[in-house]
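Next up: some structures, all given as structure tokens.
Across the two complexes that follow, subunit A remains constant while its partner is subunit B and subsequently subunit C.
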Partner chain A sequence: MEHILEVRGLCKYFGSTVANDHIDFDLSPGEVRGLAGENGSGKSTLLQQIAGIYRKDEGTMTLHGQAYDPATPIDAIRNKVGIVVQELGCLSNLPAGVNVFSGRLGQFKNHGILDMKRIYKEADALFETYGLMKVPLHKPCSQLSIESRKMIELARALSSDPDILILDEVTQSLSQNNRDMLYRLMEKLKKEGKTIVIITHDLEEMLELCDTISVLRDGHLITTKPCEEMDTDEVKRLMVGREVSSEYYRSDMEANYQKEVVLEVKHLTVPKEVEDVSFELHKGEILGFCGLSDSGIHEVGKAVYGISKNRTGTVTLHGEASVEIKNISAATSNGMAYVPKDRDGEALMMRDSIASNFVLPSLGELQGKGIFLSPKKINKMAREGAEEFQVKCSGIRQKMEGLSGGNKQKVNLGRWLLKDLNVIVLDCPTRGVDVSVKAYIYHVMSEAKKKGLSMILISDELPEVLGMSDRLLIMKDGKVQGEFTRGNRFTQEALIEVMV
Partner chain B sequence: MSEKKKNILQMGGILAVILLVCVLFNLKYEGRFLSGDNLNILISHAIIPTFVAWGLCFVMACDYTDMSIGSVLVLAANAAGALGSTQLGYGGVILGGICTGMLLMTLNFLIFVYTKIPSWIAGIGMAMIYEAAAIFYSNYQLSKGSTIAQLSSEMRKLGKPPFIYIIFVLGLIVAYLIYNRTEVGLNIRALGNGIKLSESMGIHTVKTIIMVGIICGFFVGCSAFLNESYNARVNAKTGLTSLAMIFQPMAAFMLAQVLQSKINIIIGVPICSLFVYGIFNMLTFMGVPSGTLQEAVLGLIVIVFGILAQRKETKVVK
Partner chain C sequence: MEKRIDMNKLVPVISLVAMALIFTVFTNGVMLSFYNIRMLIDQTVVLIIACIGTVFVTSLGSVDLSVGVVCGFTAVVGDLVYRATGSTALMVIAAMAIGTGIGAMNGFLISKCKLPSFMATLSLLIGLRGIINYIQSIAGINYASPQLMVLQKEAVKIPLLLVIVAVFWYTFEYTKFGKYCQSIGENEIVAKYTGVPVAKSKIFCYMISGFTASLAGIFTVARLGGTSTTMGTNFEMKVLIAIYVGGVLVRGGATARSYKVMIGAFVVMIIENGLKIMGYASSEINEAAQGILLMVILFLTIYFENHTVKRKKTNA
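And now, the complex of A and B:
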């Protein structure tokens, strides 16, 4: 079959780092290609060169038999190559509808003035045509959830009727219903002869969706094989370059925690988000929360930790004495921690060093002489933390923004686990991390559980909550809809039945 | 109740309270506050900084801060005065103000974009240079036995009703359309999300940043020729005192930013400008000395509105 895109000898350098090293990569019409590799293997860089976000340093690209070298994403869109990127996202202060066509608003000009009605109408038609989840198009993106913003990015990529659609870790931001929608959409586009390239760290999902998989390691393209010839273990082996245990999750099938209640939540309500949620969390327990989009699971995490300002109900931490958690300050000072879903936006200081990020929650313990912090203690804690949590970096003074997603998450999670905690709220802890980091995070969680740490695990990924939780609360429209305890009925089918 | 209805009711409530305060104040000062003459002065006074505040809307939208706007205004007003005294007449007043404003602000933004110096630092540097230029000009005029550019009374009609109102309405339409209904306006607002993201959206960021200078310069230039027309002359400033010239427009801009969720910022700016000047007018009626205590009140207003504007900054991700 004739290739729609041919890439030959593609190289991309960032300073002394070789992100892509002489990559040869072909795509055929109607093909769904998966791109697998560890964080930092060069997957996103390769696709971003195809989509015009980066310029290639060496090599050639041919699209439909013609030389292709997009200078900007708009160039790529004009050539019918659309991308939904992993991190950049939307213009938060502009309306969602405008975001769909940003950079190409000229087509809506009428005597120099934009026809806003037409912009919204065409954006709406786009959502209708592709069956995307409806999003309030007049609202600024800053007021939309991550999932809605992903829908905007998807609509933006689809707006050029692309021959090649690139989806870089899109599914991990979506809840189950929108994942299903995306799968249907991919099937439809494939039937129309469109080519789709997908990056996802969920290898089972990749094997199910794709025709072929290309594996990258350290900037090199290792192989491209049909999916029938591979299984998850084989993909993992190719990604990492050695055998990786196929067992991610807990192997025990029984709930296993102590009787002692460490956290008691009663009638927790956040207007329009969470309604009358009550539960108990036991010592050493992992309590999972799952639900469809806008079910309120993420808001429960924020409310429990005291971030939601207008919450009602009570959150009580039981220890030597019972303490009511009314705000973040009460939560942190009583051994509670929170790892948010939006790692870069809500948790980490991206322009600061690994050391600063590591020690931030522990400043009280790092006092030196007088009112000053002890540089010695800071360096010791950061160095030991980076070592213990296996953060791949050039040193603790490296800036966070230079780390891969997985290593950022190791810092984000590790800095809390260094402390003596009672409860930690984990909101999508493995979002955007590769298989080896994922396995590592689950291992760290299991170890912390053994030591008696209680965890609230909020996740959009059903296998994750099923694999790790002792008990599961399923939410719908802000309310708890059902409860499952680890055991026989702990299956995706049983959960989905309650979720929808 | 729908969000829109709630907004209208809230805005109605705020306006009713302001109106009530004005009426009571008017009663206390025997009808002088709401007299035709006083309202005329109040509105004319509010219109001049409104143009600067519109310029600030574009500068702030793309996350830049230009501290030299006040010094640009001084030079542009003097250019308006100088050209207005030639055969060009009113054309000279308008062109002198607008062209100088656009030229200098474009230069500023070229410096910001190509030198990569943080805009507030480069802006202070440029303010020093522009202030010095104004002083050189002023001294040169003095050495010739003349004063700085001064418009004769027959050339000052643009600063008086009805012309100042007509110019205001035209300015409002132009600012509204550029900010909300043009590609460049939306691209400027997109820049507020960061250069990298804007570039990935296909926006030509360098071109857009320079356009900010051109657009802001246009509005600063308008304010300059209105200022010159209203006051006949605008004196040169030294020691960075020109910075204070943007405090009043800044206060109006910040308040408009607070109200942004309820009213479009371009429409909100003149309303807020009028509100700020209303307070000054009231203080004058109450005998609070200008230049000292009134300036302190202005400083307080800027801080309070700044705090309120920050409070509206919610970046919560669900």
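And now, the complex of A and C:
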């Protein structure tokens, strides 16, 4: 079969780092290709060069038999190469509909004035054609959920009717129903002879969706093989370069926690988001929350931690004395923590140092009763923390934005676990991290559980909540729809039945 | 561990040395004469005092445009108090209280009423100037309290300056409050979610800024020997430019540091002073040259900030 894209000897350097080292990479029409590799192996870099986000340093690319060297993403789109990037790429103050066509608004000009009606109409038609989840197109992107923003980006990539569609960790931001939608869409595009390249850390998903898988390691393309010849263990082995144990969730199949109730939530209601949710969290328990998009699981986390406005109902923390958690400061001062889903936007100070990020929640304890905050203590805490949680960095003064997703998340989680906590709310703690970091995070969670920490685990990934929770609450339309306890009927099929 | 030189930290130091060198050469060494250095320090005192307090606000990623007008307003009202009571102590206390109070109001409007800091303090800048003019039109211009002139003595002025700088330097660099301010500037949502008392911190920052503005007002009165309607005009701009020239970025956050604003204040004053010694006292050349030099330094600051960030990001 003719190749639609041929990449030969592609190299990309970032300073002294070799991100892509002489990569040969071909794509055929109607092919679904998966790219596997650990964080920092160069997958995203490779695809971003194809999509015009980065300029290649060496090598050649041939598209439809012609030399191809896109200078900008717009350039790539003109050549019918569309990408949805891993980190959220929307202009947050522009309406969603405008974002769909950003960079190409010229085509809507009518005597020098933008025809807004036509923009919204065509955006709407686009969502219709591809069967994407409906998004309020008039709202600015900043007011939309991560999932809706992903839909906008997907629509933007699809708007040029691309021959090559690149999806860089898209499914991780989607809930089950939208994942299914995306799978169907991929099926349809494949039938039309389009080429799709996906990156996902969920290897089972990748094996199911793809025809062939290319594995990258340290900037080298190790191999490209048909999916039939591989299984997850094989892919993992190729990614890491050695044998990895396939078991990373909890091994016990019994619920296991103490009787003592740590957190009591009664009639929790947030207008339009959460409706009358009540539950108890026990000492040493991992309580899972799952549901489809807009089921309210993320909002429950925010409401429990005191972030949501107009919250009604009570959240009571039972320790030596019972305290009602009315706002964030009550939560933090009583040993509660919250790890948000939007790591770069809501959890970490990207342009500040690792040290600053690490000590931020502990500044009160570090200063103690005195009026002096010792830089020595700060550095010590950050250094020990970075070591304990195996953060790969050039030093604690390195800026946060230079770290890979997995290492960012280790800082994000580690800084809370250093503290003496009672309850931690984890919203998608393994979003955008690779298998080895994922395994590490589950390990850390299990250790914390043993020490008696109670956790609320909110996740879009069913295997994760199933793998880690003692009890599971399933939500739909802001309400609790069902409860499962770790044991026999703890399967994806059983959950989905209640969820949908 | 690889050591990288952070240019953002180096640019202010380089610009200070460069400006000092350039003007020493162009003024044939007059710049570094004992007499001139004394004068330079004397001229810089007020600016430093205002900067070391305003940097709290800058670290939030906000601005305080009311520094100059608060400086003038507290001086004028302090003058009224002095005339009514004859007490210099009461005058100083009143000035400081009013400055802090205006700061608290600013902070309240910005944190609780969610007014953008630029707009809130800009309207104050215009409104308060009107009140100053009104007061002066009725009360007239008066000479400062003779006791206040003590502040002009170097033996009093310099130690006082050092104490003020030490207090705010310490508060900003070595307390959790200072870190809270930086974290709010870096990412307010992150700060909020990790339990930083955002609203309280903001109000406190503006109170500090107002307080130091009132101190600057008191020192200015002592220096000028009286009040005037134009006192503090454009002073807020000088404060801002000193802070930015020092290498603090408009977004604040971790780029806001005490040493940077000290350096920035000296750079601004060296340029002004050097141009005067060279004979360009007239505003045409003086201000144009100042503008160009400041532009160059700011460009370098931003250029190196972006440059280092880009390099670090791509190393991921």
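Just so we're on the same page, the second predicted complex is superposed on the first by the 496 of 500 C-alpha atoms of A that agree within 3 Å, B and C clash if a C-alpha of one lies under 4 Å from a C-alpha of the other, contacts with A are read in each partner's own complex, and residues count from 1 in each chain.
By definition in this document, a residue touches a chain if its C-beta (ideal position, glycine included) is under 8 Å from a C-beta of that chain, and two chains touch if they have at least 3 such contacts.
Here the structure is a predicted model, which means the values were calculated and not measured.
Judged by the touch definition given at the top, the superposed model places A:Ser102 against subunit B, while subunit C stays out of reach.
Residue contacts after overlaying the shared chain place A:Glu346 against subunit B and subunit C alike. In the superposition on chain A, A:Tyr338 makes contact with subunit C only, not with subunit B.
By the document's definition of touching, of the two partners only subunit B reaches A:Leu114; subunit C does not. Contact with subunit B, but none with subunit C, is seen for A:Ile146 once the two complexes are overlaid on the shared chain.
By the touch criterion defined above, A:Thr72 lies against subunit B but remains apart from subunit C after alignment on the C-alpha atoms of chain A. Contacts of A:Gly395 after superposition on the shared chain: subunit C is touched, whereas subunit B is not. Counting contacts as defined above, subunit A residues 340, 345-346 meet subunit B in one complex and subunit C in the other.
Within the complex formed with subunit A, the residues of subunit B that make contact are 61, 177, 180-183, 186-187, 189-190, 192-193, 196-203, 314-315, 317-318. In the complex of the two chains, the subunit A residues touching subunit C come out as 14-15, 17, 19, 40, 305, 307, 328-329, 331-333, 338, 340, 345-353, 356, 359-361, 363-364, 366-367, 371-375, 394-395, 398-399, 401-404. The touching residues of subunit A, counted against subunit B in their complex, run 53, 72-74, 77, 85, 88-94, 98, 102-106, 109, 112-114, 116, 142, 144-146, 294, 298-299, 340-342, 345-346. Per the touch definition, subunit C reaches subunit A in the complex via residues 1-2, 4, 174-176, 178-180, 182-183, 186-187, 189-197, 251, 253-254, 309, 311-316.
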